[in-house]
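Down below are the structures I want you to see.
One chain, chain A, links the two complexes that follow: it is found with chain B in the first and with chain C in the second.
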Partner chain A sequence: MRPLTDEETKTFFEKLSHYIGENIKLLIDRPDGIYCFRYHKDRVYYCKETLMKFASNFGRDHLISFGTNFGKFTKTGKFRLHVTALDFLAPYAKFKVWLKSTAEQTFLYGHHVMKSGLGRITENTEQYQGVVVYSMSDVPLGFGVAAKSTAQCRTSDPMNIVIFHQADIGQYIREEDTLI
Partner chain B sequence: MGRKLNVGKKAVEVGFNPDTKSKRVRASSRKNKRQQEPVLPKFLAGDEAETKKLSSHQKKRKKLALLKEAEKKAQKLAKQSNKKAKLVERQNQNKVNGRAKSKSKAEAEEEINGSASESDESFVEDDVNFKDDNADWLTPKKTGVQLHGSEDDEEMSEDEEMSGDEEGDDVSDAESEEEDEANLLPIERKAKKLRQKEVVDKQLAQEELDMNIKQTEVYKLPSGQDISRDSNLAPDLELLKQRIRDIMQVLGDFSSRRDSGTSRQSYVSQLRTDLCTYYGYNEFLMEKLMEIFPQDIIEFLEANEIDRPVTIRTNTLKTRRRDLAQALINRGMNLDPIGKWSKVGLVVYDTQVPIGATPEYLGGHYMIQGGSSFLPVMALAPQQHEKNLDMAAAPGGKTSYMAALMQNTGTIVANDKNKARLKAVIGNLHRMGITNSVITNSDGKDIIKYANNFDRVLLDAPCSGTGVISKDQSVKANKDEVDIAKCSQLQRQLLLTAIDCCDAKSSSGGYIVYSTCSILVIDYVLKKRAVKLVSTGLDFGKEGFSQYKYHRFHPSLKHTRRFYPHTHNLDGFFVAKLKKLANMEGAADERVTDEPMAAEPMETVDSEPVTETTKATTKAARKSKPSKSSPKKKQWNRLKKIEKMGRQKKLQSQETSGSTGNTSRKRKHLK
Partner chain C sequence: MADVQIDTAEILRNVTEKDSLFKTTVVSKEIDLTLDLGNLLAVDENVLKDKQISAKNNSTYLLNLNRDNVQILLNSIWELPSERVEDAILVPLPPPTTEIPREKPLPKAKKETKWEAYAKLKGIKSKKTEKLVWDKTHQEYRPAWGYKRANDETKDWMIEVPANADPFEDQYAKRKEAKSERVAKNEYQRLRNIAKNSKGKVPTADLAPSLKPSKEQVNLALSVAKTSTASVGKFTKALPRENEVKKPKGKKRKFESNTGSLSEEKERQLSVLNMMKNKQPRLNTDVAIKQNRKEEIEQRRSQIGDGKPMSKKLARKQAAILSGKKSKAFKGGKRKKGRK
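Here is the complex of A and B:
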């Protein structure tokens, strides 16, 4: 376990800001204590400082996870967000998409979102902007990337993809083994 | 009497074709429903014969009377024969061939004729009696009815009486019998005699039956030859079940139902082998189970054949039970609260969607979790801002419940020895939105190297699995004494480690909850540590054993709780809550001089293979204990409290400032 290097921090925050923008600082400056990001076995974990200190007691081999896993660095040095980060992306997300209940299931099975399944979308969403996907009852379902801007969505064909799938909570079951 | 019938009748018959007879019967039943009198059921016809005999006998005696009424009779006959003739004519018109059936038809015909003839006779009798003996009680109106009504009715009523006798009419009859004797018709007298006879017969039959029952109650065990012969064949389950039932009955009241010369042991051993075959357990396990459930072994085994209901636990970090229930009902689930004892549990009766794949499940709103695994956490009652340990966490159900109770504050260490199973823990804890957990993979016994001074420790020990037989049937066959012993050994070590990890000086805690899904003996003497059993806070469940066979355990074992599949419809479960009293090693009674508490003798958690020495210590402990213990305990606790007051206050002030901010933040998270 170690703090992120400058380069890692840059990559990581860049990725994160894609979804929550400047709200990143809300993740770090929290009123209920000091929170931090830590690097452990290619993964980035987010937790309270006290928890982190306690977790550092355990040996590298024995420590599996602590706090919340945000994602992992690939071998090529890119950062990939995991669905486990959804709990922290959802409240701060700047751009959101709501799915019709009929499209929920297909999204949870790992498919992209069609125009026909789109319930609502935040105004002024740019193309290729990271968005958090909600169900109509405001349960966060995952996140992805807008394939079309809001304006384009209006005019597009019902079978056109509007959101590229990146992560969804169905992965808790489908990819439990590779989650971390 | 039917044979002696009237000529008129015969004359009518002569006109019949055998072919048309069949039609006639049918016609009489269909078309002329109001004239149904002539068609009599066979059994009635049989009765007739009897009554006819009687009446013939009577005839002799009352010839005179008969003669007197000859005229009336003749008139009646004429009327009836007219009716019949009409009937016949009508039927003759319907020409149908039914030769095959002609025989039966002929019989029917006979009956009809018989009834007709009988009617004649009975009319005679009736009339006679009305005029002579029964004039006083038979009203004229009634006689009229009888005259018009066919003898069929009369016979029916008589027949009813006959059958009614068997049930209980005879009692009332017997009372009035003597009084009425004089007034009765001869037929009735005969009937009464018959009734009496029947009653006697019935009594005799009942006695015989009773005797038979008594004889079968002494159940004889099959001989050795029978058994050896049977063992080659596939077991006949029906037979086995019957035998099990029989033996259980014998054992239920052994002294009176036993087969003299057969010992109780041979009954029991036969029962054991039968149960093993029937339910598919091995001998060792069955023996142990039978020792634990001497009375309700069958219920226990049956309960193991049935699946427990699916239960889910609401994740209070993300939703409320009412909201969750509403959402799930909308998805087509049929559910109910689990019971009064839990505010977060729901029982799912049936569902149209997979429980483990609804968006609510994936969103971490609930966890599929056996009702029994709520209990240890409820007993542990983790508080906010504590540092707690779950020593055997996988798959994370209890850990997430602990975190929910702690409202994501403090620290939870979720440890498991099996790395593969930890993946489920990771998935579940993240899904449930738990942020205060540290997931580690180490042997439970080593965990003290990395961390100690936990406030509360939950040890859900790896076990023999005898409590969850309904989930995994293989337990039945593949657990033997060695497995159980290994299990016990491991559990003992883990429990000792758990106690060592716990901090006795903790302000809020110092508790260890030890639970396991085994119902077999698992809890061991903890004479090496200063702990005592405290109430689990669960107000249901069975108390733990304070005695088992020849073992006598510490009386405080009554604080532990046992849950059985057949009585509580939960998985078999054992929960014990321990309070750590001091951080030093060694049993409490060894430190008598050190601390006042030490007067409270060592507490034992235990069941089975207790060594002689431990037995001795527990006995000694019991002797010394009763009166002193409780006041001393309190005193010591008070001292402890005062000692920590200062530290606690500091802690609290810190925590409150932290916690308020935390909750507000959390709400924001959850929107």
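Here is the complex of A and C:
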């Protein structure tokens, strides 16, 4: 376990800022205590200082997880967000998409979102912008990338892909063994 | 008599009808075209007719103009000597006169070697040596250097021992060694030139062979030689009475302390965040275009006078544009992102 290097911090924040923009600041600078990001076995964990200090008593081989897993660094040095980060992305998300109730299931099975399943979308969403996906009753379901901008969405066919799927809460069941 | 007259009129009509199907091959221009047949290029310097260019269906005018110019180009190609190969008529084109800029940048000049720089400074010019030289012993022309060279001094059947030399010294071996030394020196100089002209540092610069190496040089050479094995010197035995050789150290990764000052860590992360923010383009083009369009529409409305009167804010912006300042909309500021 160790803090992130400056380079790792940069790639990590760049990925995170796709979804929550400048709100990363609110994750670092919290009024309810000191929170930190920690690197452990290629993964980035987010936790309270006290928990981190408890976890640091365990050796690398024996420590499986602590705090919230935000994602992992790939072997090529890119960062990939996991569903587990959704709890922190959803409240700070800058761009949101609401799905119709009929399209919820297909998204939770890991498919992209078609135009026909799109309920609402944040205005001014650019193409390839990271978005958080909600159900119509405002339950965060996952996140993805906008395949089309808001303006393009209006004119596209109902069978066109509007949101590329990246992660959804269905993964908690589908990928139970490999999630952490 | 009347029948004959009718016939000629019909023939004439037929001829004119046929002619009207094809356009004329003779085209006259006020200024002749400049032709570059090698590139199949014709440049028309005549002035375009303003009225026809600005007309609504100017495409027919341009098409006709183009056809005429192509006709001139083809006419001049037909004037060139042609040859017939089977069914095809071929015209070998003259070399092109228009110079076309090269696609790739000029190759960079090779960097000078140390000798070349010195020779240039002193004005030394290399003499041309003949490749084949007369060999007196073999009575034939032989290459001046290399395999089976003429006047090969290592192949002499007898060498005179110099007056002040050791009589038991092998003069043949001495010459052979001198030769191999010269080859080694040349190779070293070649590598040194490459090293000098390449950007990176060459780590073995201190290991150059010298006639009287200092103690430090010997020690360095020894330590490098000991660690230049597959196991990085792990199994190399120490010499008797040898001082401990320092292992050359590799670069070690360094990380911040895990349980160090967390407030410092926070500061570092915030500074990374700040740097990222500064790098982002401040102008959101989509929003800027929208805003600009809105302004234009409103401006037009105010000019017509039947819409709403111009707002104060807009009037100020227009004044700023007229006075040459950039309007606020183009400066950007924060990226606007609304929610629905």
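One rule holds for everything that comes next: the second predicted complex is superposed on the first by the 180 of 180 C-alpha atoms of A that agree within 3 Å, B and C clash if a C-alpha of one lies under 4 Å from a C-alpha of the other, contacts with A are read in each partner's own complex, and residues count from 1 in each chain.
As a working rule, a contact is a pair of C-beta atoms (placed from the backbone, for glycine too) under 8 Å apart; a residue touches a chain by one contact, two chains touch by 3 or more.
Nothing here was measured: the structure is a model prediction, and the numbers come from that model.
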| item | value |
| --- | --- |
| Chain A as common anchor, with chain B and chain C clashing or fitting | fit |
| From chain A, separation angle of chain B and chain C (C-alpha centres, steps of 10 degrees) | 150 |
| Contacts of A:Thr102 with chain B and chain C, given as first, second, both or neither | neither |
| Chain B versus chain C as contact partner of A:Thr50, first or second or both or neither | first |
| Contacts of A:Cys36 with chain B and chain C, given as first, second, both or neither | second |
| First, second, both or neither for A:Gln127, with chain B first and chain C second | neither |
| Partner chain(s) touched by A:Thr5 [first = chain B, second = chain C, both, neither] | second |
| Contacts of A:Ser116 with chain B and chain C, given as first, second, both or neither | neither |
| Partner chain in contact with A:Ile24 - chain B first, chain C second, else both or neither | second |
| Per-pair minimum CA distance [chain C against chain B, superposed on A] in Å | 16 |
| Touching both chain C and chain B, counted on chain A across the two superposed complexes | none |
| Interface residues, chain C side, partner chain A - complex | 255-260, 262-263, 265-266, 268-270, 272-273, 275-277, 286-287, 336-340 |
| Residues on chain A engaged by chain C in the complex (per definition of touch) | 1-3, 5-6, 9-10, 13-14, 17, 21-22, 24-25, 28-29, 34, 36-38, 49, 52-53, 56, 94-96, 120-124, 126, 149 |
| Touch list for chain B against partner chain A, complex | 327, 356-357, 359-360, 362-365, 387, 411, 419, 422-424, 426-427, 429-431, 433, 435-442, 450-451, 658-659, 661-662, 664-665, 668-671 |
| Chain A residues touching chain B - in the complex, by the definition given at the top | 30-33, 47-48, 50-51, 54-55, 57-59, 61-69, 84, 87-88, 91, 104, 108, 135, 137-141, 169-170, 172-173, 176-177, 179-180 |
